[in-house]
Structures are given as C-alpha cells and as structure tokens.
Amino acid sequence: MQLGLIGLGKMGGNMRERIRRAGHTVIGYDRDPALSDVASLKELVGSLAAPRVVWVMVPAGGPTQSTVDELAELLEPGDVVVDGGNSRWTDDEKHAADLAKKGIGFVDCGVSGGVWGLQNGYALMYGGSDADIAKVQPIFDALKPEGEYGSVHAGKVGAGHFAKMVHNGIEYAIMQAYAEGWELLEAVDSVTDVREIFRSWKEGTVIRSWLLDLAVDALDKDEHLDKLKGYAADSGEGRWTVEAAIDHAVPLPAITASLFARFASRQDDSPQMKMIAALRNEFGGHAVESK
Amino acid sequence: MQLGLIGLGKMGGNMRERIRRAGHTVIGYDRDPALSDVASLKELVGSLAAPRVVWVMVPAGGPTQSTVDELAELLEPGDVVVDGGNSRWTDDEKHAADLAKKGIGFVDCGVSGGVWGLQNGYALMYGGSDADIAKVQPIFDALKPEGEYGSVHAGKVGAGHFAKMVHNGIEYAIMQAYAEGWELLEAVDSVTDVREIFRSWKEGTVIRSWLLDLAVDALDKDEHLDKLKGYAADSGEGRWTVEAAIDHAVPLPAITASLFARFASRQDDSPQMKMIAALRNEFGGHAVESK
Amino acid sequence: MQLGLIGLGKMGGNMRERIRRAGHTVIGYDRDPALSDVASLKELVGSLAAPRVVWVMVPAGGPTQSTVDELAELLEPGDVVVDGGNSRWTDDEKHAADLAKKGIGFVDCGVSGGVWGLQNGYALMYGGSDADIAKVQPIFDALKPEGEYGSVHAGKVGAGHFAKMVHNGIEYAIMQAYAEGWELLEAVDSVTDVREIFRSWKEGTVIRSWLLDLAVDALDKDEHLDKLKGYAADSGEGRWTVEAAIDHAVPLPAITASLFARFASRQDDSPQMKMIAALRNEFGGHAVESK
Amino acid sequence: MQLGLIGLGKMGGNMRERIRRAGHTVIGYDRDPALSDVASLKELVGSLAAPRVVWVMVPAGGPTQSTVDELAELLEPGDVVVDGGNSRWTDDEKHAADLAKKGIGFVDCGVSGGVWGLQNGYALMYGGSDADIAKVQPIFDALKPEGEYGSVHAGKVGAGHFAKMVHNGIEYAIMQAYAEGWELLEAVDSVTDVREIFRSWKEGTVIRSWLLDLAVDALDKDEHLDKLKGYAADSGEGRWTVEAAIDHAVPLPAITASLFARFASRQDDSPQMKMIAALRNEFGGHAVESK
C-alpha cells in the first residue's frame, strides 16, 4: 500500500526504510529538502491515492498540532491520520475531534524501538476505531517485530499513547531497580566483581531482561561507569504517567521515586537539603554535640 | 564427585536430582526419614570420602546455625561446607570463622530458580576463597543453567548471599513497576485490553523480561486477577536489602517503596491512616466544608 | 468599608461574621435565599458603592468560573474581584485576564483556618498587583489573626493560591510524619503508653506543633483510634502540589508519599498488590517453599 | 538529691547546670579533668550515698557500653544507672540484664532539647520499672520543661530510647515537608517572597510549629540559603527508626524518603544515576532522537 510519512529524522527515516523493505510505497515529507521526497504537504497529499493514510512523526506539542491542522485542510473524508510521535494522550482526543469534523479518521500510535527498530522492528500500541485501524494495518504489520508479539490495539483514541506512556513509566522504575542494586553492590567491600554478578543474572534468574542485558553491555564498556556523570534527563512520559496516576488516584510509589531521582540528579545543589541543613543548624549546633 | 546434601525439601530434592543427572553422587540427609538417604548427619559424613563437600539447604537462622555447629564437630580439616539456603549475609562471616577454627572451609551460595530450576538450572552467586570454591566447582557447574551465564564468584565470604539478596531487592522493584503500570492501565476507560497490551510488550520493547512473561501467563489464567487478594508476603531478603542500604547510606527509594507496599497490603486497616483521618476531623470538619 | 461576599456556607458565613465584628459592612449573596442578604448578584453589585470589592467564596472550578463570568458583566472598571475559594492557581491567570479586559482588578487569596477561623482569624495568602490589593487590605486585616503574622502578599496573580496549595502539601507530609511515628510506637510491645508520649512532646521537643496538639486531642477522645477507619480523603491541593512540582522538576518525595498513602487508604483491595501476588505465584510457588 | 553524672560535654554540662539550679547536688565525671569534679568513676561512686543514681551521658555504642560495664563493677544492689545518651533501644535490654545480675537498676532516657535545653528544659522519654524510675524522678523533674508536658514514662526498658528515636524520625519528615515546600515555592516565578510566606504561616495556619519558627529564623539570616550547601548529615536515629519499622512491617514512606534524601545529599555524584544514564545511552541514543 501507499503511505505518506511526515518527519524523516533518524526515527522517521528508519521507519520509512523498514516499511519499504516490506514492499510498501512510502512518500516522505520533511522540512529539510535533503531528506524529503516531495516539496510540500500539499504535494504529499496530492501524490497519494484516496483513501490516504498519512503518518505524522514530528515532535509532540506544537509541531504535531500544526501538522494535524494543515492535514485537516488538505485531506478528504475517508482518509486517516496516524500520530506516531510522543504526543500526550490528552492531545489525541482533540486531534480526533478536529479531524472528525472533516470526516477524516485518526489513530494514535505509541512507538518503541529507538535505534534498534529498523533491524528488530518497532513495538506499536495504537488506539482508535476498528475501521480506521484496518486502513493502517499493513503498515503496522510492516513496522512491528516478527513473531506474534509487539503490536496491540490498546483501545479507543488516546489509548495507544497512554499505553506507550505507561510503558515508559514502567521502564523508569525497572531502570531504577537495577541502578539501586548496582549502587548497593558497588558500596560493599566483600563484593569484588559487580559486573560479573550482573552478567551472571542474564540466565536463570527472576530478573533477567533486556534492560539487564543493556546494563551488562554498558559495564563492559566502562566497568564502574567512571566516564559518566550521574545525570539523567527525562522525556516527559514519566511525568505524564505520574500525572495520569494522580488523576485516577492510583498510587505509583516506585515509578514516582524513579522520576524524582532523575529530577534530583540534575540539581547542582539541592535547595531542599539547604533548608534541612539550615534547620539542623538552628536547633542543634549539630556539628559540635549530640542533639 | 561426591556431595553431601542436607535438606531435601522441594528445593533440595530438585537440586539433588539435577546434580545426579550431571553424573555426580549425592548422599542426601533430611529429618524426614522418607526423604533421607542416611539416618544421621554422622552417617552422612562417614559415607563421604575426604575432602568432603557438604551442602546445607535448610531454613535460614536457627536450623542453618545448628547444622553448621554440628558439621563443625563432624567434619575434618580440608572439608568444605556450602550454605545454599537463604541466610542473611551477616551470618556467613560467623559461620566461616567458626568452621575455620577446625580447618574447615566455608562457601556461601545464593540460589535462584525455584520451581523452574530442575529443568532450566539454578542461578548461583557464591562467595569464599578460590581454594574452597574450586572444591565445589563441579557441583556449581551441574546446578547452573546451560550456557555462559548463571553463576558467579561474587567475592569474599558473604558476597554470595549479599548478591542474591540484592537480586531479590531488584526483583521487588521490577515486580512493583509492572504492578503499578498494570493498575494504572486498568483504571483508565479508554484502554480496553490491558492483557493484550502486556502481551504485546513481550517483543520489541524496552521492558521485555521474564517477569513480564510471567505477568502475561498470570493474566491468561485470570484476566483481571479477580481471584486474587491484593496481599503480598515478603521473604526477608527485601528487608535485608533496605537494611544493608541504610548501613551504607545508599538511597533505595524504589526498592523500599516496593517493600512498604507489601507491608501495607497485609494490613486490614492502616493505623497511620486512622491518624490522618483523626487529624482531618480535628482541624476541619472535612466532611462538611472546604477547609 | 463595604464588601460584597458571594457564598455564605459555613466558611463564608463565619468570614462575614468576623469582618462585621471588625466594623465593616458586608452584603452577602448566596443561592440559598435563607442565607442571602440580597436576591441576586445584580442586586449585590447595585448595593455597593464604586470602587467595589467583591469576594467570591464558592467551590473551585465551574461555580467560581461562572461567578467570575457573571461579575465581569456586572462590575465596572476600577472594581476588584477576590477569589478566596480553593481554586487551582492556574485558573487565576485566566480569571485575571478576563476581568482585565473590562478594567476590573483581580486578587487571588488562599484562606486557611477552617472551623477555627472565626475565633482565631484566618491565615491569608494573596496574589495580585499592589493597587488591587490596597483596595482589599482592610478586609484582609479584619480576617487575619491578631498579631504580626498570618497574612502575606505572596506575589503576582496566582501566587496566593499557589502558596496556600503548598501549605496544604506541607500539611499532608507533616500529618503523615506523625501518623507514621504513631503507628510504629503502637506496634512495639515495650512501649506501653503512646498517647502519653505524644502528650509529652507538646513542650520541649523539636516536633511540637499545632498538628501535634490536635493529635493529642484526637487520642484523648479515642486512645487507639479504634472508632476510625484508616480512610483518608484528599482535597485536591495535595494533587496539585505534586503536579506543580513535576512541572518544575522539583522532587517532592515526602509530600508525594503522603498523597499516595491516602490514595491507597481508599482502596478496598489493591490492584497492584494482586499483580505482585500473581507474579509470586508464577515464579515460585511461594506458599510451599523458599524461592 | 545527689546525682552522679558521667559525660560533661556541652550537653552534659548544661544538664548539670539545670539540675543544680533546681537545688540538687551533682557530682560530675568527665575524661577531661578540666571539666570533671572527680578524678575517676571510682571516686564518683565513692562520693555518692546509697542508693545511688548515676546518669551516663556519653556517646552511644562503645563508650556507653564500657561505662556501663565499669559501673556494674563499682555500684551496689539498689543503685540505678540511667543511660541518657543516644543509645539504640536494642542496647538497653542488654545493659539492663547485665546490671540486673548485680542487683543494679537501669533506666533508659531519651533526651531532646539541644542548645535550648538549659533555658527551656529538656524533653525526656524514659523506660524502666516504676521502682527504678521513682529513684530518678526528682532529676527528671528538674530537667524537664516547666508546665505539664515534656516528660513521659514511655514503657519498659528500651521504651525511652525507642520513643526518642521515633521522635527524631518524625522530625526528619517534618523538616523534609517544609524543605520540599520551600524549594517548590522558590522555583515558581509568580511567587515573589517565599520568606514572607513562611513568616505568615507562623499564626493561623494548620502547619504552624516550632520547626517553622526555626525556618523563618534561618531565612532571616540568609533569605535564599545561599551560604549553605545542600548537605545533610544524619544522626543514626533516623536509620534506626526505619530499621525498627522494617522489623515490625510498618510502612514509613515519608520518614524513609526523608532519610534517603539526606543520603543522596552527601553524594558528590550519584552512582545509581550513572547507571540510569548508561542505560539511556544503550537503548536510545537519547541525546539525538526521541526514543
């Protein structure tokens, strides 16, 4: 089938390649003419036969919003827009409603896979009506990993990004779990080879996982991670996960602890710990005596 | 080689079977005569040729202590005792010192694998001197999973149980990660098939793991886990992990949150939440007005 | 001076009384004619001399929004609207902008004091321009506690509600602190009189506070809080505090833990703990053996 | 009455002064001859009439243990030893048992008050038998704050230190509560005067407390705490509180979060966050693309 693909950065470019390898036709558009197959969104739409499927793979927020707005003007009833970016699930319902006014369908799709996706396939979580999803299905089938897993119709519009967001929230806490264990092992004198302990866990243990494999890969490059700074960014989806949990009164202690650990890692000095130090000074002269 | 194995419960019994399949001779002792190959520890020791290797696989604490004490009387210099139970790492140093007075070696070994171990092998983390471990090595090789992973010489005496303890602490937090994500997905109306989302994550995602596979198995038996109570025991190793972290001033927010969630799950009613309710009553008449 | 006061529930009614005692004229409006001094908002506005100050004390969200909308139509340039309800600080900027189009000023004011306010005064945190606040100042002075503390110009529009929100977030964690300590003391056999311990802390300790006094009051009514259920509602401001912290990448581990403890207290059974139990069943047959 | 007091550092010295002001005779011993009233423990004991009360005010652990051991040799049946230091409650039972063999009584006493104690009195929490405590009561009455609060017979031997330990655990979380709120307020642009907000809370609010008063004092010296480093020591009692909670399966999320925040504040770089950074590098090339 034909697919219009908007956004040909590293992620979008690899996805185009994987879809083409599956035998589909991809017409790509990017702001950068060096990457783009066509000169404009209008030309992209004009080059696709109806009913069209246009996949948006641009940064969440403003860029996705303006792209959806423009497509609403260019597409026809029966066409379908897929948002495969990292949009917040709360944006999806608005996009779907705006497009529905023109008779255009909408599917949201969370995509996992990063640099490994071209080769291994991308995990896909999508939300929308059965009818809209049916029009995109061959593309989903091309992108997903081989085998029976790796893609899911998660629910209504928004459910795809919601599921991907929760995936990332879980990811935060699993990473934190290994990180905490690693720090504790490194802190203890009688334990002499933490890297080999991690390596041994790759088989036969309860905690074997792909992230554990990656941890071993990282330790093989830098046994004590001396070359790294203990500084961790966060991509937004961890924050949204906690916010969604608060909206639904679901306690998420481990995921939230993982998010807060990242926040703290980015502070040169902790304001709240200054206040703790200040209070200790006030009540006790802690440096010189027991309280 | 010959091995004396003390403790032939489900775990010890399966280990005996796996070691025998590898061609070794196992003489087992258990308090239950129906399970035991010999009538007493004395007979067990007498039936082994020196230097002996005796593997203790009994409950941690008192039973392990008394078994080690008895072996200290029965064994000879050059023999080695392996504690393969769930002992706290702080017990190991004491056991090693007591046995060393008699010239008897000591190795501690954390064993993971549970009901899957007989078939897939047991992950092993052991601590002790190179000389002592060399005497046990053929047994380790028989027990571990096939392939290059699954066993490790973690460090000095105590390091084996310490590594296994941290493994379990990590396990707590990974389980909590999936559990939190599952609860959040179940709480949201637009998400219509949480089980299929979990299943889809088995390939191509960052969070694929053996525990995820088990979660899918559990959901296949009981899609919304309606048959289960939200009650989780803890085996001691999670507690020890947090205590070890406190000893070393290592922050473990996610692992500790996971432990506390289990504590709370076992309370019919939360005393601390009674106090919160009491305070709210005192200051605000919260039921009837905004504060 | 004259004040128009909208919303005469228990909170608004007590505030009217305290303002009147200070010698000001309060014309109150409430949907309930039995409480109201006037028949309509229009009559309220008509009965005040310009420049008018109208204090809105109705539930946050829709009711406050519609009241502000109506006042925007009725008031004149130079008048000022005060939102003294529990509005989210993000609503304030919108209200201020809408009213500014008509030349009407806006002040947001977080009010603390509950049932104790009539007698002891209300703590006030307000945000807005100096000029707008000057018009309301006599009312603030009437409402606040005697003495030099209890009211503050916290910053620009929104800062009043923001400060009150953080006040409540802090309150959550302080309550949780006492609650945790109380549960731990109650759990230990050698401690025989927890209530008297709490009472003793009222003087000479680092942790003496008004909330501690309230805890003792509560224990005097019900020593072990047997009559209460461990169930704690939350009023929204704790949630907003955590969301604001996430927006600003500020880690709030204790306040968030306090919020999550309340969420968990309201669950009959914990879905996430069902998943933990399910996973334990899958990997270990935990009931019958050590893992 | 007469009191023997061992340990005349800043804390012990002030306590001696307060007891003397109440009209009692204090004979003090310190390793530092410049501070000491007598040349040895033996001379101290010899100068007191039976039944003697000897108050030990030396560092917890080894120094307290050796002092108790020495007193066990010097004192007579019917005498009483008070441990007023920061001992772990688990030490008390051992001390009591050792002394009981000689017919000597034992009382443990947690003391709060620090540099403010001489003037305002010390909060006291003590554990032991009614008979032993009766012998010390005049000293407790001299040390405690005036008024009806500030001292408590908390339970059996160990209960005094346990109650003081929990007091400190609660203190950690209350300090953390204010610290988190302060950091959040400082992070928001629309809030222009955080110090004045804190000051305003001193009256009329739910969160007024002595620690809040101290926070205002600290901010008056250094409005944004620029002169302080965000580095917070911990005195041991917070750690013991968490360990006691683990022993009793009591969840302490806020207190533990407060302890961990202090641990993290003392790390130049966070090992666990290095692992998070390493994992992010492995799976995503996060610097260059969305995952």
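Per-chain numbering from 1; labels A, B, C and D assigned in written order.
One rule holds in what follows: contacts are C-beta pairs under 8 Å (C-beta built on N, C-alpha and C of every residue); 3 or more make two chains touch, one makes a residue touch a chain.
The model shown is predicted, which means the values in this text are computed figures rather than measured ones.
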*asked:* If I average the CA coordinates per chain, which chain comes out farthest from chain C?
replied: B
*Chain centre separation in whole Å, for chain D relative to chain B (CA means)*: 36
*When the centre of a chain is set as the mean of its C-alpha atoms, what distance in Å lies between chain B and chain C?*
47
*Could you please state the distance in Å, as a whole number, between where the Cα atoms of chain A are centred and where those of chain B are centred?*
33
*Sites on chain D at which at least two other chains make contact*: 112, 114, 168, 176, 178, 180, 183, 187, 206, 211, 250-253, 257, 260-261, 264, 272, 283, 291
*Assign the assembly's chain-to-chain touch graph to one of these shapes: line, ring, star, complete, other.*
complete
*asked:* Show me the residue ranges of chain A that touch chain C in the complex, using the header's touch definition.
replied: 206, 239, 242-243, 246, 249-253, 256-257, 259-261, 263-264, 266, 272, 283, 291
*Which of the residues in chain A come into contact with chain B in the complex?*
89, 112-114, 117, 120-125, 127, 144-145, 147, 149-159, 162-163, 166-174, 176-178, 180-181, 183-185, 187-188, 190-193, 196-197, 199-212, 241, 244-245, 248, 250-255, 257-258, 260-261
*For the chain C and chain B complex, residues of the former touching the latter*: 9-11, 59, 85-86, 112, 114-116, 168, 175-176, 178-180, 182-183, 186-187, 211, 214-215, 217-219, 222, 225, 228-233, 235, 253, 257, 261-262, 264-265, 267, 269-286, 288-291
